[in-house]
Amino acid sequence: MTGWLFSVTAGLLFAIGLYGVLIRTELVRRLLAANVMATAVFLFLIVVAAETPDGPDPVPQAMVLTGIVIAVSLTAFALALIRHFRAVTGESDPEGGDDD
Amino acid sequence: MMEALQDHPVWMAMPAWMVLSSLVAGLLILVLGEPYQRTRVVINLGAAVLKLVLVGFMLWGVGQGHDFEFRLPLLPGIDLYLHADSLSMLLATLSAILWLITTVYAIGYLEQSPNRCRFFGFFSLCVAATMGVSVAGNLFTFFLFYELLTLTTWPLVVHRGVSVALRAGKRYLAYTLGGGGIFLFGIIALYALMGDQVFTPGGFVDPDLPPALLIGIFLLLLVGVGVKAAMVPLHGWLPQAMVAPAPVSALLHAVAVVKAGAFGIVRLVYDVYGLDLVATLGMNHVLAIAAAITIVWGSLRALQASDIKQRLAFSTVSQVSYIALGVGIGSPMATIGGLVHLVHQGLMKITLFFCAGNLAETHGIKRVDQVDGMGRTMPWTMAAFTLAALGMIGVPPIAGFVSKWYLGLGGVENGQYWVLGVLVASTLLNAAYFLPVLRRAWFPRADAPDRGPGIHEAPLSLLIPTVATATFALGAGILAGMPFSPLQWAQFIGEQIYGVAP
Amino acid sequence: MPVSDLLASGFDVLLCIGLLWLAWQAITGTGLFRSVVMFMVFGLMMAVTWARLGSPDLALAEAAIGAGITGALLLNACRAAVSEMRSDEQPLRDRPSGVPKWLALPLSLAAGVGLAWLMHSIPRDGGPTPEAAIKAAETHFLDNPITSVLLDFRAIDTLLEMAVLLLALVGARVLLDQRRLPALYPVPDHPMPMLPSLLAMITPVLLLTGLYLFWAGSHAPGGAFQAGALLGALGVMYQLAGRFTPTHEPGTVNALLITVGLGLFSLFACLSLLWAPAPLSHPEQGAYALVLLIEFALMLSIAATLVLLFVGSRSLQLRRSTNHPGGRQ
Amino acid sequence: MNIPYLAITGFVIPVLPLVVAAALFVPKLQRIALGLAPWVPLTALGLLPLHGEIIDFAWLLLGARVGIDDIALPLVLLASIAWTLAGLHGRHHLPKERRPVFYLLWLLTWTGNLCVFLTLDAASFYAAYAMMTFAAYGLVVFHRRPEDYRAGRIYLIMAVLGEAAIIASLLTMGATLGNFALEAGSPGLEEMTEQAWVIWLLLAGFGVKMGLAGLHMWLPLAHPQAPVPASAVLSGVILKGGLIGWLRFLPIEADGFQIAGMSLAALGLFTALYAVAIGLLQNRAKTVLAYSSVSQMGLISIAVGLALAFPDLAPLLVTSAVLFALHHGLAKSALFLSVDIARHSPRTARLMMWWPALALAGAPLTSGALAKVLLKSGLAEAPDLFEPAMLLSSVATTLLMIHFLRLAWPERETDSKAFARSTLPWQCSILAVIILPWLVAAWLLPEAVLRPFQPGYLAETLLPVLLGVILVLLGRRLLPTHPRPTVPEGDLIALFPRAPTLALPTLRFHSPAHVRSHLRMTLASAERWLFRLAPAILIWSGIVVVMLVLR
Amino acid sequence: MTELDSLVAPTLTFLIFAPLLAGVVALLWPRGLVLDLLSISLGAISLVLLVPLSGTVMGQGPLLLELGGHELPLGIPLYVDGLALAMLWLTALTGLGTAVYASGWLRSVSHPSGQQYRVLWFLLWSGLNALFVSGDLFNIYVTLEITTLAAVPLVALARGREALSAAMQYLYFALVGSILFLLGVALVYAETGLLALPELSARESEAAGPGETIALLAITVGLAMKAALFPAHGWLPRAHAAASPPASALLSALVAKAAAYLVIRLWLGPFEAAWTPAVAQLMGVVGVLGILYGSLQALRQHRLKPVIAYSTVAQLGYLLLLIPLASVVAWQGVIYHALVHGLAKAAFFLAAGNLILGIGHDRLVGLAGCDRVLSKNLLAMAVAGVAIAGLPPTGGFIAKWWMITAALEQGQWWWAVAIGMGGLLAALYVFRVVSFAVHSPRPWHEEPLRETRHGLNRLLLWPPVLLAAAAVALGMTGELLAPFLAVGAPEVSP
């Protein structure tokens, strides 16, 4: 099985996500990067689940399912907040203002 | 009946009632709020009188050899231990008497000013803390009340709320809390080494611990206590704290706070380390020298201060170190001298502060050179001032002479003649900064501003406390031989410390 | 190696490279819309990966929720970013993020390589939990091991997860109370020609698939989440077609729909004390029916919540027919 | 006389003056108190029955002991007589409105003075001594003129220095002997190791009060400034406080203090001569009298010094010194009063004024002769240097007295009304000078009282007086009269500049402002930087890497 | 399943699910008064139920309740030991106090999203309770998410630009934090195949592989982002300062502490083998840096609420000190500190809220003279400040005493110095605030004497006073609570 391939991909995906979080200050982009990181972790979990000796282990899959739902709800709330933040302040990220 | 009384739990827990009486009064006043003026006065005076009665009973009890202790477990293995021995009764009696007098004075002094609820609340809390410090039975309890004293005195120092007071308060806190931190460090180091030990006359620290460690801990504890006792490098807060209203500077900086520090030094040397261990470590010389430096430095700075209360503050700095000097010398007579000075200095200094308060309140006189001719306009106040000032100089028959006498004897007793030098030098310096004030008051220059013929004294409620404390100071001097006089009680303590009549 | 393995591994390689490229594009791409689209495709590819890695439930969930709903929400964000651009607002450019690029790249690369090596090197020797889970799943009254884990062995995770979903909605409402933003998809004056008929055709199909997925969940891949997501997608379609009009009066039906999942599950958790020493344990008989009931409630809640999250209003009202436009709200 | 009666009188009489002083300020009692005040010192005579007894007040101060022994008896007598007469004199010659203040200070000083002679334990003695000294300051600055304050300040500084020396010595002795009793000298002093500098401290401490050369500068400044009754008492009685101090504390009977005794005697001799020399160069009557007091005290110091040096001579020398003090006290206070009388009623002054001067000079048949003869008999066995010295000092004193008479001699008659002022107290003091020394001498030294009448002694006393008169006549003719050289009062004091004021550095500790603002700046920027997400992740990942390395 | 006495399961169920159901009811039936009564009664009942629970924990040691009746490696256990108990007590007490305050505050400010606040509070409360008792790593992740998603809207509840930007930043920190935490959980599961903490702790701690250490570090960074431990604290001050008084009280007292609690729980429990003393010292250093930095910043602020918020950042540093000191006494000290700090911080924020209601703004300079207006309130604030600074009469002192004793007993005296310094700095910024309040620039006779201009309604005044009193009362009960806290303490060097 090409488990090693997917775990390596998971690691690299995590790196890409981390890079996105570090570089991007624009809110939606940073959210995307975060989601990519989350997906990378889920990928790793499912790889572990798949490669458990006798048959796919349901626990990580359940964890990932729950993770996805949580990721969705976080993303939804974040997007609502972004929309309101931009409507109120007109800026694209909270760090911009150097108001002390 | 006597034995039944002696070990009756309520009687045994007398120190707790003593501390509680003013603690509860303070909290009650704070909770009541500003508008209840009359009830506040009643609570105040009631608590003061009750405390005096309790102290009286305990004085009698300790005299008879009753054992007063109260134990409340606070931490596993460490508990709040109140134990009244002869030494603690010294400070407790002094505080109880002077608190009653100062409360009367304060009621008169703060007639229309705002925030009296806050003032009197923290005032009685502060005295509860002082009582706690005096009857504390182990280092943990001592530290608990010692820090409580800092907290309750801060609002009094910043009572006026003007920015000068706030700066003084900030400086006061920096010094006392800093010192408190170092003190806590030392105490816990001792607890780590020795576990929870009770103050025992010969000291409970076992001598065969590594001397470097012992000296280190001793210095930490000394700094912690030295801050409140205003030893020289740590005295900066006292002159600044004179911004506080007169009753505060009278009770706190003459009696409660400063004496707690001095009392701490006495406890540290006699009941924590024990005299001979302190001697072997060579710490008594360090303490004596530090005290000597403080005495001289305080007097010199007092010489320069032109504001009356500043001058009195610096005088307090130097006078309190007499107690440290007595303890530092360590001979029986010196100990008695130091201990009795604890009471005498309190009586005299509180009178001086009351007079300063009267002068400031009735005539707005704050500086020394405005005192010309006050002898005629405020004869009673200035008489009390003169009495107390002469006492501070050490002129017999006022109380100051007795303690200087014993200190001198103690110094010479174990061959430390430089102590005489310090005493004489400080007597001269005291004279140098008190006599000019007296001269201005009684024998004003011809060209001094004429204050008009009549006598314009301070109101009665301010005057009676001043005169009362002045007479106490004189009485403590003249009637030094009477039983239950401060000197006899100090000798009683000396006997217990040295196990033999000095 | 047999050809099928060769093909499979070739496909996997392609899949992984695709995933990496898509992720990179989504993040470092310039346009927001372009990034969002890249991300949606990345979601779909992810669904394929899950299938490839032998977890169909996840594939369905990823497709419905990961790509579907998230994609829709992101598109919303793009529309909002474009339509509500205020005159003084600068174009969406990026400000330096406090960490220079030349430092971020090597750092994340090192992290990535490290993680990759670590993930690869961890021995896949299972452990007490996987064995216990696999063994218990066989004898469990639910055939689908994932559903048995979700609704029985680790029931509290699912319950709290529903709470998270609900919280997201309540959070959105807090923002709504402060400032009522203009609706992203105003009710069109003249209905789009194709949409009603498409809608009429799609509704039964989606409803049927959703219900099937819900029913199959107990013994085959599927389950409340996937079904809920599908119904949510249906709801989104209705809102886009203008059949749901967002209003700000607190609708009791809406409130009921949102909270039924969490409410029922929590009630079950408390009542389970009656027949078992520990909460959240299923009764001997009637457990299957109970699970189904809970799943159904969960499905409804998920669907309602997702729709409301997409619409961004307090509640929705169904309008009878499309020919006369609803009142402008 | 059973003890309780004595105990009561022993306590009541010293306290009585304080009661009267307090009454001075109670409006209703003021008139009666003013009347009573001058007579209070007389009550001290009631203490005479105490002679020989010792009363113990354990509860007072540090265990007070009161009693009159042979040394104290004449001094108490002197004190009560001189104080009463000066007080009565003062009643007429003081400004009306400030009289209560004067009599308050008067009675306070009197209590101190009386207790100095009465107390027999170290602590109470020092208490009385300090009270006397500080209260006397009030008398010195009574007129509140600038020069009064200068004299007062110097008086106080030197008095306090003296007392510091005394307290130091008392404490040293006290360490080994406790609050020791004084009546039998100080028994324990011999075997004390630090006896050497204790002796010097005592000599210096009481020397200030006695006006030994070098320590006398305050005396010629303070006494003239004080109102006349006060300076009379100051010179007449309060100076003797120093004498009784020496007699109480110095180990008179013990031997082995040769050097100390001899040096005291030598210093006393030098003072006697030096004071007269300076006195002659003064041009104020009261200052001349002050300098004469310094010189007479010098004579007494010789006696005490020799008593210390030669224990076997001690008893006679001590009694003669005390009697000499009695004589000098009466004569000097009479002279001071006569200065006042000379101004107010010159005629009667002219009649009687010269008698105390003659007595002081030691003219035959006067108390002075008696005192000098007793002193000389005491000195007989001493080294012969002191015999001629006594003669010389008598001559010098005669010169000084003549100089005083010339200065204070009343001119022509002033208006008669002034005469009305009663001179009775002054006349009584003259009478006392004549009679009292003889009575006391008879009581104490019955055998020696007739000695001055023996021919040899008569000659010895007459010679110096005649010599003095001749010298004056010669001097008047030979020396140019006008540009008489004068020395400022207090002679050596001119050497000391005004007291330097100490300027101590006040250490102010606060970090400079720019450090604080810099700190605030960095904190603000740090906060802005850390608010961002990326840096936070960066730093924490740095920490993680370090942790991994550490592991 | 160990035989538990009958009351434990119902109590735990009540603690987790009752607030959840209350949240659902709040959504369905938005009646303000009824909901407030419900929240206050829930608080009271949970306090009542905690007493027997504490008795049982004291009696039988740490409790283990498998949810759903499934044996350990499979099911999710609820694990209650001294630390969890203390946290439950803190949540119950602070929750009750804040609920009472909120009911008064929402009405007096007539807040538009009052209903939302109550829902958020209920769900936050159930999330916190679940987090403190949860014994499963992934379950902790889910409860952490609930806490975050309830806390961010609480911050956003306070309208305005500052609140929104703070909420945004908080959300992103929490998002990245949770992903890192999830990474850690995944790695742990992959490495050990276990999720239950009791099982993880029970493993014979042979040298843990690199995977476990990296997992622990990933979890730590995640939690640090969520709990605003020093370098990653940027969001907390602006979020807690911008939030409305009851919200900021909950945030500072409970939410911030939840993540920090997890750091201790994971470092000293399951992953004990994963770190060496050197690493522990570094964590201690990070904690101390946090204390000093937070205090210095607090001393620099010009407004009241940021001072209190930075004080939270500082006080969180103390929790990290437990890692290098891991002895029973240190364990008791740190838990006691968390307890007292929680109560005192809640009291401080609520009192500050009253002050702001009273005078309209929270600029420190503008506080002058408010000591006459709200004296009781100011007293409560001062007492709370004293408790935070760890000065004697209060519980803070007992905690400081324990911590310093632990440090000195193990010879690591530098931590003792740091704790002392922390206490001093805390005292400085507390008394700086109080002296601003006491400052009366104009001479007193011009300002008329009055207790409160418009009476502060009783519901607003008593919670801070009672919470501050509780902080002081803790000063007296050291001996009483010590055995409770020691349950489940790590058996590392005593």
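Letters are used for the chains, namely A, B, C, D and E, taken in the order the chains are written, and counting of residues starts over at 1 for each.
As a convention for this text, a contact is a pair of C-beta atoms (placed from the backbone, for glycine too) under 8 Å apart; a residue touches a chain by one contact, two chains touch by 3 or more.
These figures come from a predicted structure and were not determined experimentally.
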item	value
For subunit E, the least number of touch steps when starting out from subunit A	1
Mutual neighbours - chains that touch subunit A and subunit B alike	D, E
Chain pair with the most C-beta contacts	A-C
By mean Cα position, the chain sitting nearest the middle	B
Chain separated most widely from subunit D, comparing mean CA positions	C
Separation of subunit D from subunit E, taking each centre as the mean of its C-alpha atoms, in whole Å	79
Averaged-CA centre spacing for the pair subunit C and subunit A, given as whole angstrom	13
Averaged-CA centre spacing for the pair subunit D and subunit C, given as whole angstrom	109
Separation of subunit B from subunit C, taking each centre as the mean of its C-alpha atoms, in whole Å	74
Junction residues of subunit C - those touching two or more other chains	97-99, 104, 107, 111, 114-115, 118-119, 122, 124-126, 129-131, 133, 153-154, 157, 161, 164, 167-168, 171, 175, 178
For subunit B, residues contacting two or more additional chains	none
Where subunit D touches two or more other chains, by residue	524, 527, 531-535, 537-538, 541
Interchain contacts, given as pairs of chains that touch	A-C, A-D, A-E, B-D, B-E, C-D, C-E, D-E
Residues on subunit E engaged by subunit B in the complex (per definition of touch)	369, 371-372, 375-376, 379, 386, 391-393, 397-398, 400-402, 404-405, 408-409, 413, 416-417, 420-421, 423-424, 427-428, 431-432, 435, 438-441, 444-445, 447, 449, 451, 475-476, 478-479, 482-483
Subunit E contact footprint on subunit D (complex, rising order)	519-520, 523-524, 526-527, 530-533, 535-537, 539-541, 543-544, 546-548, 550-551
Residues of subunit B touching subunit E in the complex	30-31, 33-35, 72-76, 79, 112-115, 117-118, 140, 143-148, 150-151, 154-155, 158, 160-163, 166, 169-170, 173-174, 177-178, 181-182, 184-185, 188-189, 191-192
Complex interface listing, subunit C residues touching subunit D	97-99, 103-104, 107, 111
Residues of subunit D touching subunit C in the complex	529, 532-535, 537-538, 541
